[in-house]
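In what follows, chain A forms one complex with chain B and a second complex with chain C.
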Partner chain A sequence: MTKIEAAHHAVGVNNKKWAIGFSTVVGVIFLLNVFVLPNANTQVQRFFNAWFSLNSLAEIMIWILMALGLNIIVGYAGLLDLGYVAFWALGGYVAGWLMSPFLSQFQVNFFGNPRPGFDQGIHFNVFLVLILGGVFTAIWGIIIGGPTLRLKSDYLALVTLGFGEIIPQFMLNGSDIGGINVTNGAQGIGGLDQPKIFGYTIGTFDLPAKFLMVSLMAGAMIFFSIRLRDGRLGRAWLAIREDELAASMMGVPLWRTKFSSYAIGAVGGGIGGVGFAILVGGVYADRFNFVISIIILAMVVLGGMGNVWGVVVGATVLAWVNAVGLVQVGELINSTFDTKFNFPSYQFLLFGLLLVLMMLFRREGFLPEARMRMVMNEEKLEDVEKVTDDKKIGSH
Partner chain B sequence: MFLVIGVITYWLGSNLISDPRAFLQVSINGINNGLLYALIALGYTLVYGIIELINFAHGDLFMLCSVFSFAVLTELFGAKAPGAKNFALLLVVLLLTMIFGAIVNVTIERVAYRRLRNAPKLAPLITAVGMSFVLQWIGLKWVGSVPVNVNTVLPATKYAFGGIEVASKTLVIFAITIPVLILLVFIVTKTRRGRAMRATAQDKDASRLMGINVNQTISFTFAIAGAAAGAAGIMWAQTIGTVSYNLGFQLGLIAFTSAVLGGVGNLYGAVLGGLIVGLIQAYNDGLAVGPGQRWSQTMVFTILILLMVYRPGGLLGQSSQEKV
Partner chain C sequence: MSLSSTAALDAQNIHVEFGGLVAVDDVSFTIPQGSIVSLIGPNGAGKTTFFNVLTGLYKPTSGAVIFGDKEITGNQVHDIAQSGVARTFQNIRLFGLMTAQENVMVAMHSHMSAGVYATIFRTKKQRAEEEEARRFAQELLDYVGIGYTTHEYARNLSYGDQRRLEVARALALRPSVLLLDEPTAGMNPNESATFVQFVQKLKEDKGISILLIEHDMSVVMQVSERVTVLDQGQKIAEGTPAEIRSNRRVIEAYLGKSGSEASK
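Showing the complex of A and B:
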């Protein structure tokens, strides 16, 4: 075995270990909630409900999906996207339009599963909606990314920031576009169809099944992320991230490669958006704001940009802290020390400081790849001979 | 591109003909806001010009300055009504706010950005976003989560020029903002310090060899940018009459759009861009035939995205195609 083959082998074994770990965790949570918890005593039930409710765990899976999608853009290709929430919103509205009685001008049923008595509107099959959600967001990724990716990379950050602001605002104001109610404004679209997968209908309150569904989606995303990274395209992304000039000299088409990373990353957001809409049973515009984009970014940064499993861990930790931990730990501290801190109001400080401190002291994240560590800590070549302290010039 | 210009011309023209007085009235409001945008946009342009960083925290610095001016002028000094004494206090606090903005901005640069100057580009950008969140949190803790009304010290009188009413606070804005703008442009273009800034922006190593203290020059740039944000902050609090913790995000984006519109790195471009964006927003919000206020932000971002597509160099700047 050559050195490279050995390294590949090690990565493969590592991936296998992580994959087994992920499946085990999902399986244990599922079995625990289906068989053990309903029979446990109330104290145990209350503990799990407060700290690890199935709903929050299912949401964590969605966050993992989102973070992995953004990881393709930020971690693999090294482009900064600050409006990822737009894709989440777009995916969600695709589900809202195609799986609910909302668009009552139409009456389409394509292997869908409308609730009894709500036959109007468009009802597509879940799988089709997932695919269409991905396609729709990819198209938007192309519209936004196409022109901006030709510019300097920091312009992309800004345009995506604007995009992440326009899309939710459009959704919020879109109850009357030329007389047509497109998005139902702030009320959002509720009453989504109950997805029917291979004859099994996932009911509104069938949380274990929903959890399993989003976990499978997250698992699929993990799989694709790993496979993409090792493929031709993935290696081209990494090459661009590390040195654009060198990559283009080696024949990597810069624009096309960046562009594909942006579009593929968008697909992750769209599919996650559909999944989240199904999980919640509707799509509501006021949820999509800038904070979400930053939280997803923080997940990618915390775990280690580019490393799939690092991002999964980062997303899990931050999503849990954001949804449950901040409230629960805060209550615990307040009741123990008899204080009255309003912990959820520290959300901004937490995520802001996290980003700043990570960048200052551990740029590569907590679970980095060796490769990323070198990239992030590499100084520019011209800076080697640069005198960092101005005063030294005089003393020479 | 021409189609876009045509549509805008038609829209403005038809409004001008149908009601010229209202049109001019709205224009005055637009210039009023546009001057404030210009002050904030200057900060973006200066910082981008010298270290090529989109300082996402700049909008929130502006917000923090407006909150500071509210806390000092309205709460601490108790200047809540028009009057000669209170107007004098306003000028004092204007100076204080500018100093405050400068200090905060220099501190941010010293603590965060300086250490990342040689890092890959992603690192300072992410840091700037994080800083913006930290500043927002400070604002949130300072004024609370709901917008606070500010009792202005500017008189509510209005002057009529040929049927167009001009509020006296608009005149005060003109009287304060325009000198500040001229002063800043003078510093950058005419003084020794300004020349050092421009040299540093072009080539840090060469200017270091020429005996320029690069770190100090960059700090000075941040100080000027912060001072401009401070002036904009207090003027915003006094004329618009509200401060809130999430003001910075929106205003920051508007101001950056202005900077890009004029051409990033170009001082006159920032002023011109600010005025244009202010006017467009005012027309959008105020004209009888128009999309209306709820689309205001969408309009600005659409301009931003169209600019990126068709004229990334801005009106007065050069093209910024990626160099290879």
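Showing the complex of A and C:
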């Protein structure tokens, strides 16, 4: 085996290591919460509840799912999408429509699990809802991507930015569309069915089961992402990211290939949306704002664009800091130094600071793709050369 | 003439205007089946524009490009590439952050069929297809003489190896016509000579018809069966290398009027 072949072999081994690591973490968290914590003393319980509550960990899994979906669009194919939250919202509302009593004009039960006494509305089986959520967002991906993917990527960014505003606004104001209450406006759709999976009903407060469910979804997304990257489509995406013109001259149909990345990325967002709706038991329009799109994008960029495990790390860190870390660390600082800063309110200040620091000192992200790492380091070398050249000129 | 029936690629009365500026003026040009022909001309003569018409990047204002027995004028770039017209680039355009093998495999995209499902679940067919693609890629890399670069990133290859990789990538399309845009640019005379041999071997081994755009006259004269000269968008001469060498208008175009006077 040559050195390079060995390096490539190492990538495969690395994937396996990471996969085992991910499964182990999920398994440990699950077992800890089912068997250990309920029997632990209150101090331990309080600690875990504050720093690593199962709810926040489950939410992290959703963020991972989202970030991986966006990574297919931004990281793999190099298309900038600034409105990814729209897919999250659309997926969420599919769950709201298809597994709750909300659409009371209908009364459908297709292997669903309506709460007793709430038979009106549509109650589909959770697996079917996941599939339909993916299909529905893919259709929206087609509607948006179809015309815009022919444009240069800057225009795509603008159109997706608009799309990311329009969809949540529609959801927020969609309580009276021609006399029909489509989205229930700002109140959102609550009281989702409890999903029934292979005879096991996941109750509203059955967090371990919910955590396991979203972890499996995230795990599947990781698997899909890696497989797709290593195949024919992944190569074509990468080629387009590298040099669009050369790719088309080598017989890669640009529009169709970009389009497939956009649609597949959208499916990730839709399925994540369904998962999130099940997790919180409802879907609420005010949560879907522009900032979410940017946070997901930051997860991809900070984690290491294009590298699945990097994005997983990026999503985990940012999601945890946003949901838990800022509050807890803030309280810790306040109580230790007797200060009264409201840390969560500085969220975007700190977030911006982190972004600036990363761009200054580690542009390639926490865990970049091997190929990206090479370029970024090369540019640094060039900078050094330039500086020394300048010095030479200066000394003359 | 029976030329048109044996033409691999036939460009008829190609006319390209950019907002009133005539870049290529009514040029007809044929690549006969299984031959090496060259397109030369001073800078700004319209060579590259003409090249871009053949590969579908520009749509000509008027005129037609016939490939085999099909008209391909105005077809999509990737359609033309898939149907068997491959090219290399004057200023190398490899996928720098992809390995040599991956570069070649990208060009096999249209010959492969694995979709999303097959890729995710690694169906038997998909694995066989990938295996075959890797084998063919290695075969091509060996053929152009850079078999040792398989897992090397394209941007890390030496200049000469990058040029070879471009050819290997173009060959992965299984083309019947290969367009080489200044392939010896930046090569020293030794490397150019090796390259000339390589191009001839390519024609004989694979039966590919080859069009060269070249600045290096010695390369053009050695390798081409026919040479076409463009100047200011017009075809000013066409013939065998010997004919071109002694053509007055060609000398004028390259050296100016007084130059031709002086060479008398």
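Rule of thumb we're sticking to: the second predicted complex is superposed on the first by the 356 of 396 C-alpha atoms of A that agree within 3 Å, B and C clash if a C-alpha of one lies under 4 Å from a C-alpha of the other, contacts with A are read in each partner's own complex, and residues count from 1 in each chain.
In the analysis below, contacts are C-beta pairs under 8 Å (C-beta built on N, C-alpha and C of every residue); 3 or more make two chains touch, one makes a residue touch a chain.
What you are looking at is a predicted structure, and each value in this text was computed from that prediction instead of being measured.
Engineer: Going by the contact rule set out at the top, does A:L245 touch chain B (first), chain C (second), both, or neither?
Structural biologist: The answer is both, since A:L245 touches chain B and chain C.
Engineer: For A:S345 in the superposed arrangement: first (chain B), second (chain C), both or neither?
Structural biologist: first
Engineer: Quick check on the superposed pair: does A:T24 touch chain B, chain C, both, or neither? Answer first, second, both or neither.
Structural biologist: So A:T24 meets neither chain B nor chain C here.
Engineer: Quick one: classify A:L354 as touching chain B (first), chain C (second), both or neither.
Structural biologist: A:L354: touches chain B, not chain C.
Engineer: With both structures placed on chain A, which of the two partners, chain B or chain C, ends up touching more residues of chain A?
Structural biologist: Touching more of chain A: B.
Engineer: Which partner does A:T201 contact after superposing on A: first (chain B), second (chain C), both, neither?
Structural biologist: A:T201 sits against neither chain B nor chain C.
Engineer: Can A:R235 be said to touch chain B (first), chain C (second), both, or neither?
Structural biologist: Touch status of A:R235: second partner only.
Engineer: Please work out whether A:Q187 is in contact with chain B alone, chain C alone, both, or neither, and reply first, second, both or neither.
Structural biologist: neither
Engineer: Could you say whether A:P253 touches chain B, chain C, both of them, or neither, answering first, second, both or neither?
Structural biologist: Once the two structures are laid over each other on A, A:P253 reaches chain C alone.
Engineer: Between chain B and chain C, which residues of chain A are contacted by each of them?
Structural biologist: 245, 248, 375
Engineer: What part of chain C is in contact with chain A in the complex they form?
Structural biologist: 55, 57, 76-78, 81-82, 86-87, 89, 93-98, 102, 105-107, 109-110, 112, 114-116, 118-122, 126, 129-130, 150-153, 169-170, 172-173
Engineer: Can you list the residues on chain B that touch chain A in the complex?
Structural biologist: Those residues of chain B that touch chain A are 52-54, 112, 115-116, 118-127, 129-137, 140-141, 145, 205, 208, 211, 213-216, 249, 253, 256-257, 260, 294-295, 297-298, 301-302, 304-305, 308-309, 312, 320-322, 324.
Engineer: In their complex, what parts of chain A are in touch with chain C?
Structural biologist: Against chain C, chain A makes touches at 2, 4-5, 7-8, 223-224, 227-228, 230-236, 238-239, 242-243, 245-254, 260, 264, 371-372, 374-375.
Engineer: Across the complex, what residues on chain A touch chain B?
Structural biologist: Result: residues 74, 78, 80, 82, 144, 147-148, 150-155, 157-159, 161-163, 165-166, 169-170, 173, 244-245, 248, 290, 294, 297, 301, 305, 345-346, 348-349, 351-356, 358-360, 363, 375-376, 378-380, 382-383, 386-387, 390, 393 of chain A touch chain B.
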